[in-house]
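We just call them A, B and C in the order they show up, numbering each chain from 1.
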Amino acid sequence: MIFLFTDFGVEGPYVGQVKAALWQTAPQSPVFDLFADAPDRRPREAAYLLAAYAESLPPDSHILGVVDPGVGGERPPVALRLDGRWYVGPGNGLFEIALRRARHIEAYVIDWRPARLSSSFHGRDLFAPILGRLASGQTAEQAGLRDAPVPRFADWPDDLPAVIYLDRYGNLMTGLRDATINRNTILRLAGRKIVWARTFSEVPAGEAFWYGNANGLVEIAVNGGSAAQIFAAELGVIVEII
Amino acid sequence: MIFLFTDFGVEGPYVGQVKAALWQTAPQSPVFDLFADAPDRRPREAAYLLAAYAESLPPDSHILGVVDPGVGGERPPVALRLDGRWYVGPGNGLFEIALRRARHIEAYVIDWRPARLSSSFHGRDLFAPILGRLASGQTAEQAGLRDAPVPRFADWPDDLPAVIYLDRYGNLMTGLRDATINRNTILRLAGRKIVWARTFSEVPAGEAFWYGNANGLVEIAVNGGSAAQIFAAELGVIVEII
Amino acid sequence: MIFLFTDFGVEGPYVGQVKAALWQTAPQSPVFDLFADAPDRRPREAAYLLAAYAESLPPDSHILGVVDPGVGGERPPVALRLDGRWYVGPGNGLFEIALRRARHIEAYVIDWRPARLSSSFHGRDLFAPILGRLASGQTAEQAGLRDAPVPRFADWPDDLPAVIYLDRYGNLMTGLRDATINRNTILRLAGRKIVWARTFSEVPAGEAFWYGNANGLVEIAVNGGSAAQIFAAELGVIVEII
């Protein structure tokens, strides 16, 4: 199973072209959209989102991760095998948090280059063919990977007390893991205190609360309303733990 | 064939995770997006939209319907077989209109629970596995369904004279069926009268009209313009029949 | 491989219904989204976008192209085979630029009509079944095509010096082909001059530049910012070549 985690957006020609490229190298592998609207050109916030969502994927999943503001520049293209799952994408920190939480790690730099490599769309031209080769059973060596360390981002925290995703309902996902804080914890956002509840139906309409979402992240929501609106929240805004 | 009818939004991780869960139980069944932007947390409006669109689906379709503001609360998870088509989702009225229009009805409550059931994402954890089992040939009993009545919403009208969906072009779908009103009918929205036309190309540019859309709903449109903009229309606004 | 190029939007029931219709006639053909948000009801701008993106598709691709403001009116439904690739959709100029650039051309008008043809959704009812038949190996004749000239739009330029697409990052695609202008060319948009750079990482943050995008179009971008915002650009705005 192949999963796509990108900031390409659901509109436009990007996701479709990547899927076509994957199909051309791995026609047997089903492809699923995990996120097409990961934090726009922000690999740091995206790293916490990806780590949380990848954790529940099947252990032999193949993940294409592309949040790549430095495309065409210095950052190396990388491939990682973390606890069985493959991650392919830019070596800009996007996989840092997943890497840090993994027990079994293989790290590679991608040496292979396609005949035609655009300067701005490595997702289609470089990462998709590599991931497709791995998904279709090629070894790291056959796929053109070289055993090598990847760039690390040691100063990033283990959990990020900030909004890392806003969904259609106006729910605010944070980079905090539910399992790391207890339910008596009070959060503060935009000067307001927020307490825990198990889920929407346990809170009066219009009231804000935090809960552990279905992928283990602390999420701030409003029953029947939009937390994004009520807190005028934006990507990256700090969430304080009191 | 599996069809998804949800208010999850096209963005975010929801639809993709549901598709992955379906594939894990029913890998042979193709999955299609019917609506990912059904009326946001409004099962009543969504019920009229779903009934209209499900009617033209193949008779052995499997439909995952999730518009579920009460997730984690009291509403039972249900499965219905209506004129051959399976519907799986929350028992909150989302299937009321399809149910009311069906000739052959089987109604079930879902007794099965997964090993790990999140409090907020039953679409992925509960409804998708059940629908997948049914799509892969399991009987109701094998899938963990119990023959039982589902909640009914008898006070809802048979047709809803209101805007139930706004599309990209600014067209306004109503909960009225084209077949139930005649073409001399005049509609009124935002104080303006609207007459029937067969289609866009029969109306001067910039003019509003109503017509029977490709799925049998009365739809208000503007040739070359946006009815949503011109009428400042929102989801749920009343459309009068004069 | 089937590719969809439409202005249906990623939301709503349109793309999903088209995919279901394709699957019913060509279940073996994988379907990919090229654009679901092509220029809204503007076949002229869309023609330049489609020509550029179709060029890199495999030579046996089947392309459903629907940007069709005149649906239900006079424009004929057409099918074209251009350098091996099939294009099916409205004869309103959407395929004009691809046609003009092709070496091997077969042109057809679609005579076949389905048992039930809606007045507003020919993408689902007419074009998808035809494309599906061709993709599943039927000949033009078997599919219900008649060898006939299609409407031409001789007064459209070969390249369009205008914004034809705005993407999620705020990048502005133009209807100019990178290969037709040299890198010393200066563009002017909203009174400001824009010079060439190879890619994002070669430009200071916040600075605008133009480059040849991954599909051969001249694209205006801002490193780490949004050209759409900075230039207050809209679909169709003229880009001057100085």
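Here is the rule we go by: contacts are C-beta pairs under 8 Å (C-beta built on N, C-alpha and C of every residue); 3 or more make two chains touch, one makes a residue touch a chain.
This structure is a prediction, so every number in the text was calculated from the model and none was measured.
> Could you work out how many touching-chain steps separate chain B from chain C at minimum?
The fewest touching-chain steps linking chain B to chain C number 1.
> If I superpose chain A onto chain C using their CA atoms, what angle of rotation comes out, to the nearest 5 degrees?
Best-fit rotation on C-alpha atoms: 120 degrees.
> Quick check on chain A against chain B: do more than half of the interface residue numbers occur in both copies, making it same, or fewer, making it different?
The interface is built from different residue numbers on each side, given that under half of them are used by both copies.
> So what's the Cα centroid distance for chain A and chain B, whole Å?
30
> Can you list the residues of chain A that touch 2 or more other chains?
10, 37
> Which bits of chain A are touching chain C when the two form their complex?
It comes out as residues 7-17, 19-20, 23-24, 27, 37, 40-41, 69-74, 118-121, 124-125.
> Which bits of chain A are touching chain B when the two form their complex?
Residues in contact with chain B: 1, 3-4, 10, 30, 32-37, 53, 57-58, 165, 167-169, 198-202, 211, 213-215, 224.
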